[in-house]
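Take a look at these structures.
Below, subunit A partners subunit B and then partners subunit C, in two separate complexes.
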Partner chain A sequence: MEKVKIRPGRLKRKEGRIALAIISVKYVGEIVFVFVPVLFSILYSFTDYNAARETAPFFSRIGDIWIGFGNYKNLFTHFMYSEYFLRSVCNNLFMLLSVPLGIAAGLLVAAILSQPDIRFAGVFRMLIYMPVVAGAVAMNIIWRYMFDNQYGLINSLLGTQWMWLTDDWLVKTAIVIKNVWGGVGRTMILCLAAMLAVDGNYYEAAKLDGAGATRRFFAITLPIITPTVFYLLITGVIGNLQMYTDSLIFASGDPGAQTVVYFIWTFGIRRSMYGLAAAASTLLTITIMIITVVQFRISDRWVFEG
Partner chain B sequence: MKKILALVLGLLLAVGSLAAFAGCGGGGDYQGYVDESGVAHVVFMGRDVESERVNYQRVVDNFNASQNQIRVEMQWFTDGTSYNTMLDGLGTDLPDCLMLSNAMFLRYVSSGKLYDYKSRITQDELALLYEDAYSYYCYDPATKQVGYSDSAGLYGLPKDMGPVAICYNADLLRAKVNEYNAANPAQPLDWDEITDPEDPMTFTQFIDVGKKLKTVLSSGQYVCSGYDMQSAVYSNNANYFTDDTASTQAIDSENFIGAMQFVQDLYKEGILPAAGTVSSGGEALFTSGNALFFYAGPWKTKDYWAAIGFEWDLIPVLCGDAAGAVSTCYVGGMAFCVSANSAVKDYAVEFLRYMALDLNAQRSLYSNGQCIPNLVELAGEYETNAENLLSRPQPAHRGVWLDCVDGTGEKTVNGQTVVDKVGGRYRAEAYTYDETWYTFLTDFMAGNSGSYGSFWEAKPDGTWVDVGAALRAFAPTLQESLTELRSYLV
Partner chain C sequence: MNAAVIVLLVLLAALAVSVAAGYAFSSRSARLRAMDVRGGIGARQKAFVRFSSAYCRIGGRVLAYGILFLTCAASLFPFLWMISSSLKTPAEVSNTMRLVFFPASPQWSNYARAWTTIDMVGGFLNTMIIEAATIPVCVIVSSLEAFAFSKMYMRHKTVHLLILLSGLMVPYASVVLPLYRAYYKLGFINTFWPLILPTMFGSVSQMFFYIQYQKGIPDAMFESGKIDGAGYLQQFVHIMLPMMGPAIAAQVVFMFIGNWNDFFAPSLYLTNENVKTLQLKLKSLSDGNRMDLPYVFAGAAITCVPLFAIYFAFQRYFVGGLAITGTGVKG
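After this line comes the complex of A and B, so read on.
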């Protein structure tokens, strides 16, 4: 059959142009503040560019400062930088624990608050959600006071003198605890919305078959809300790998809490070693992309698709 | 439609790239010019806390009011990191006039970003300043070395100098000395010896005094809540490098090891709180009245006026036990520099001359309680508060900070010959391209890198790191770092 090409009418074309003009604002922003800096960052990562040292424009010196994969090699083998970088990677991996723990805690709270017989559920939802709208810096400072080695509330309550803010493992654990607490509100509200959208007939049928509350949760609720859980997992992992305020403000740069982004900030911003920091940045971007792709690939096996 | 979409996206990419490039260029807003009427407009950029901004704005206003040829516009940052990052990002398009910390000076001067204004400042003018206040901002490109010499250029005049001294809680110390003496009349502590502002205690004497005072302190109280490591090194006749070019490490020398052993002993004896247990490096313990000694520079004066309710005073940093040792604190500081690319360089120098050398400008700056005067002429009035500019009389012996920067040896004071036993030296990071090596060294000593563990706390089996063995093992790595940094100097 012959393919008939239909030209859109004048009105449609005009609408299309207006739509393009409107959405182009966002694209300009993306290009100026994301796309071009990412390209520059990748370019920097192959050079020994140091803003404090250079006196000529970047492109006029690119031939002299081009070092290929030297920065990438330095991240893993340099006598000084590799130790900092590898430690920050390990710290990041440990802190990823806050993602599954946060999702589990949020799910639990959502499951409890979705029960119809809970009194003042609205008040509880609001109170639990409040940390999400609070500023990250303010929250980090408050938690720092709470975990303070000398005067902290946590040590007072536990009757201990644990070095929460300076011990390598305790500081990471404290960050996980803080982030689980901080993430519960967001997880709860999203899961609650998903739970309330589940068709009540499923529960009626399950009840008739004699299923208890726990069984109904694991057999009906959880499988149906897996798309929400998947979304939380993806955004949680990405957010955790980009963590920075925890290292800088909560842990005041303690080595046990330094993350990859903290490494990038320290070497790129404080020490002007753009090349090294850009290499770490590029690696982080690639890692996040790989993890996200893998998560999408294996999501077929466990995410409910209606 | 696809063609239009591709065209629009292509255009957006082009516009975006141009905008990004334009952003990278920057700098235009920070550079002055001479207008049609011949008036020079100079941009001065600085950083510090808000009260310093107010203070500097007053000095700028006074300068603008004092003449008609130069108009200075001040731009101020209260966050140091943002300020430093922005300066680095500006490349060679620096503001006409800028404040630069001594840890950044070497990499800026060695890359040709700063203007040498030695010819614009006379020897007589330099003689008004403490030598330490300007010598660090001299640089000889031939030897790639900082320090005043005939062949070195002058690239900065001092904003302020930050010498460190030991501060003590006079109320608590007096009470505890009395308490100890009442309990031990046969071997009493000597108040005058402990608090002598001109003859500092040695490492050994301090540990002895600390052990005794510990016996009368309450739970939660400490003899000393923190000690400055660089001052311990310098005061034991040691250094991090063999000379000021910072080409060769010296951390494996006996004197350096002795200094670090002293700091470890402070922890071993419980004179310092256990490593990592105190907040804010021990300052909170001192300001809350729970520590007898801490350390402070003049920039702390104003904070302590506001935060401390007890009498506090100063003594010089402790003198090491090594041969030839002199109490030598570390001196931090910032300089006023001029951009080599400024179109109004010489006008900028005029403004800097006013800020660094004018009596009234310097009075205005020291009265804020955040710096000592750079001018020798003002030393006396600062010490005695003769002009009544300091709103609080503490610390009474603030002259200790001046002693740190006026050199050591024999001097004539009021017709009498005295021996000045207190000196200072610029902080170690100021002699290298950047401070990476120093972070690496302190991380190693704190057990954050390497396999030796922390110098400052006992291992699980109760033993302590052998300071000498660890430093000797680390020395080649540090040397590699210094060599790399030295190679960055153009």
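After this line comes the complex of A and C, so read on.
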């Protein structure tokens, strides 16, 4: 049958106008608080703008302070800034480890809790999710004390004298441990919801074919819940790239745990070097956008869509 | 303290052996069972199947509960350690020789001292002002915007939705410099406006959540409203809002906790002592010297209490609400 395209009637068009008027509120919000600031940020990144030494409005002297890709070059090569920046990038990349580890642990717990004959599943679920609710500041304070170089619980349990809070690698490892701890609950709740929605017939069929519990998990459950796992992976990576509180409170700004956002904060807000910080933040935005777009592309290809 | 390490290692080894044995047994018995279905197996193999599935059941059960208990203990331990440490004396907190879980004489006065030293009441009031100013407006505006998407005619709906959702990709750290500059020029530093203003236009993620929820409400209700002569605003207020109770409750709870725990934005805009939120007050308390540690833990425990109270009270929203956003949104 041929599809006839009918022009919407007068009432429909009026409805459309009202709907647009309603969502224009959100458009204003997005433009004022996201899109315009991003454009400004990109503009800043091509200039030598220093807010503390501002003599005239930004636009009136944009020609004088324009330095092209100078900031981007400085981020990677300048002897004063490149060390900071590259270190922040490496730290961020290393601390991404907590995402897959947290997901693996959460999946394991969810797989157990999704079994119908586990007692007290609700209680376990409730307690394991608690770290997700707790505030980042309080948790950073307590973990910092547990990892303390001198008085820390972890050092005395292990009988070691490791410099958890000051060693370049140990401090990152400690943050990874802390974030795995904080991430298990989230993975568990989301994966559990996805697992409980899986059609029970698949399991029946697999049981008849002689598949054990492990096999059933990897051959049925995991492929079906890939969208959830993928969602967790992407949001986890994006969230992790924006880490800041951990560098500030857990590591109290220790170089071994400085992140890109910490870099932006140090150079942009504290030292007012807007150009340099904006260049870093533009790179961060581009990275996150690439991850998101790639995720959309990949998820079309290999993620199960039931 | 090395005994603890040994116990831990033994436990881990037992777990590993149990997993390996369980896996080996279960896969062999599964193979045999499959053979049995097809053509039959001997008595010895049958006995193995019985033994191994019994082993798997018990071993698997022990393993499963073991993992659950370990995860639970690990999840709870930092909170317990925080409370335990908040009742210690400064000397006990920095005693490296002897770690005690139950302090000899619990120092309840630490809580009183934390409460007064950092003006917790002021911090609490500041946090509550932000909560009260942001939540109602944001919830109503977001659900109205969602209504336009879910129940109203609109051309290029998907395009509009994608443009709005694309804003979620931008990290806050990337927009913070121009925004900070603008707020500075407007004299908004050390006021609550930088935290309140952006929420006045609704939140995209909340809107997305409401769209999913509103799609589940039958269109017929709104059509009958239309026939009775209700305008769109009336349809929204009288038909949609009353039915969105659970969705709104869940989002209010999430937003309350999000605001309560928010640190990055407040730490930029609120630097004066009299506008600091609870989290910022806690942070400045933790910058003190080592002798203050017990008070810091007491302060941290105090900031967690309302959170956990809300968490336990609204238990079902956490599971239900997250489940919808988690499987509905991809990215």
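Here is the rule we go by: the second predicted complex is superposed on the first by the 286 of 306 C-alpha atoms of A that agree within 3 Å, B and C clash if a C-alpha of one lies under 4 Å from a C-alpha of the other, contacts with A are read in each partner's own complex, and residues count from 1 in each chain.
Keep in mind that, in the parts below, a residue touches a chain if its C-beta (ideal position, glycine included) is under 8 Å from a C-beta of that chain, and two chains touch if they have at least 3 such contacts.
Since this is a predicted model, take the numbers as computed values, not measurements.
In the overlay built on the shared chain, the residue A:Ala19 is in contact with subunit C alone; subunit B does not reach it. By the document's definition of touching, both partners, subunit B and subunit C, reach A:Tyr27.
Contacts of A:Ile118 after superposition: subunit C is touched, whereas subunit B is not reached. Once the two complexes are overlaid on the shared chain, A:Tyr151 sits against subunit B and subunit C alike.
In the superposed pair of complexes, A:Phe35 makes contact with subunit B and with subunit C alike. Contacts of A:Ile298 after superposition: neither subunit B nor subunit C is touched. Taking subunit B and subunit C in turn and counting the residues of subunit A each one touches, the greater count comes from C.
In the superposition on chain A, contact of A:Tyr129 is made with subunit C only, not with subunit B. Of the two partner chains placed by the overlay, neither subunit B nor subunit C lies in contact with A:Leu93. Contacts of A:Ala205 after superposition on the shared chain: neither subunit B nor subunit C is touched.
Shared interface residues of subunit A (contacting subunit B in one complex, subunit C in the other): 8, 16, 20, 27-28, 32, 35-37, 40, 51, 150-151, 269. Per the touch definition, subunit A reaches subunit B in the complex via residues 8, 16-17, 20, 24, 27-28, 31-32, 35-37, 40, 50-58, 79-80, 83-84, 148-151, 161, 163, 166-167, 255, 269-272. If you check the complex, the residues on subunit C that touch subunit A are 1-2, 4-5, 23, 26-27, 29-31, 33-34, 37, 56, 60, 64-65, 67-68, 71-72, 74-76, 78-79, 81-82, 85, 93-96, 99, 141, 144-145, 147-149, 152-155, 160, 163-164, 167, 169-182, 184, 197-198, 200-202, 204, 207, 232, 257, 260-261, 263-264, 267-268, 279, 282-283, 286, 293, 296-297, 300-301, 303-304, 307-308, 311-312, 315, 318-319, 322-323, 326-327, 329-331.
Partner subunit A is touched in their complex by these residues of subunit B: 1, 4-5, 8-9, 12-13, 15-17, 19-20, 24, 81, 84-85, 88-89, 91-92, 104, 107-108, 111-113, 275-279, 284, 434-436, 440, 443, 448-449, 477, 480-481, 488, 490.
The touching residues of subunit A, counted against subunit C in their complex, run 8, 12, 15-16, 18-20, 22-23, 25-30, 32-38, 40-41, 44, 51, 105, 108-109, 112-113, 115, 118, 124-131, 133-139, 141-143, 145-146, 150-151, 153, 156-159, 181, 184-186, 189-190, 193-194, 197, 208-215, 227-228, 230-232, 234-235, 238, 241-242, 244-245, 248-249, 260-261, 264-265, 268-269, 274, 277-278, 281-282, 284-285, 288-289, 292, 295-296, 299.
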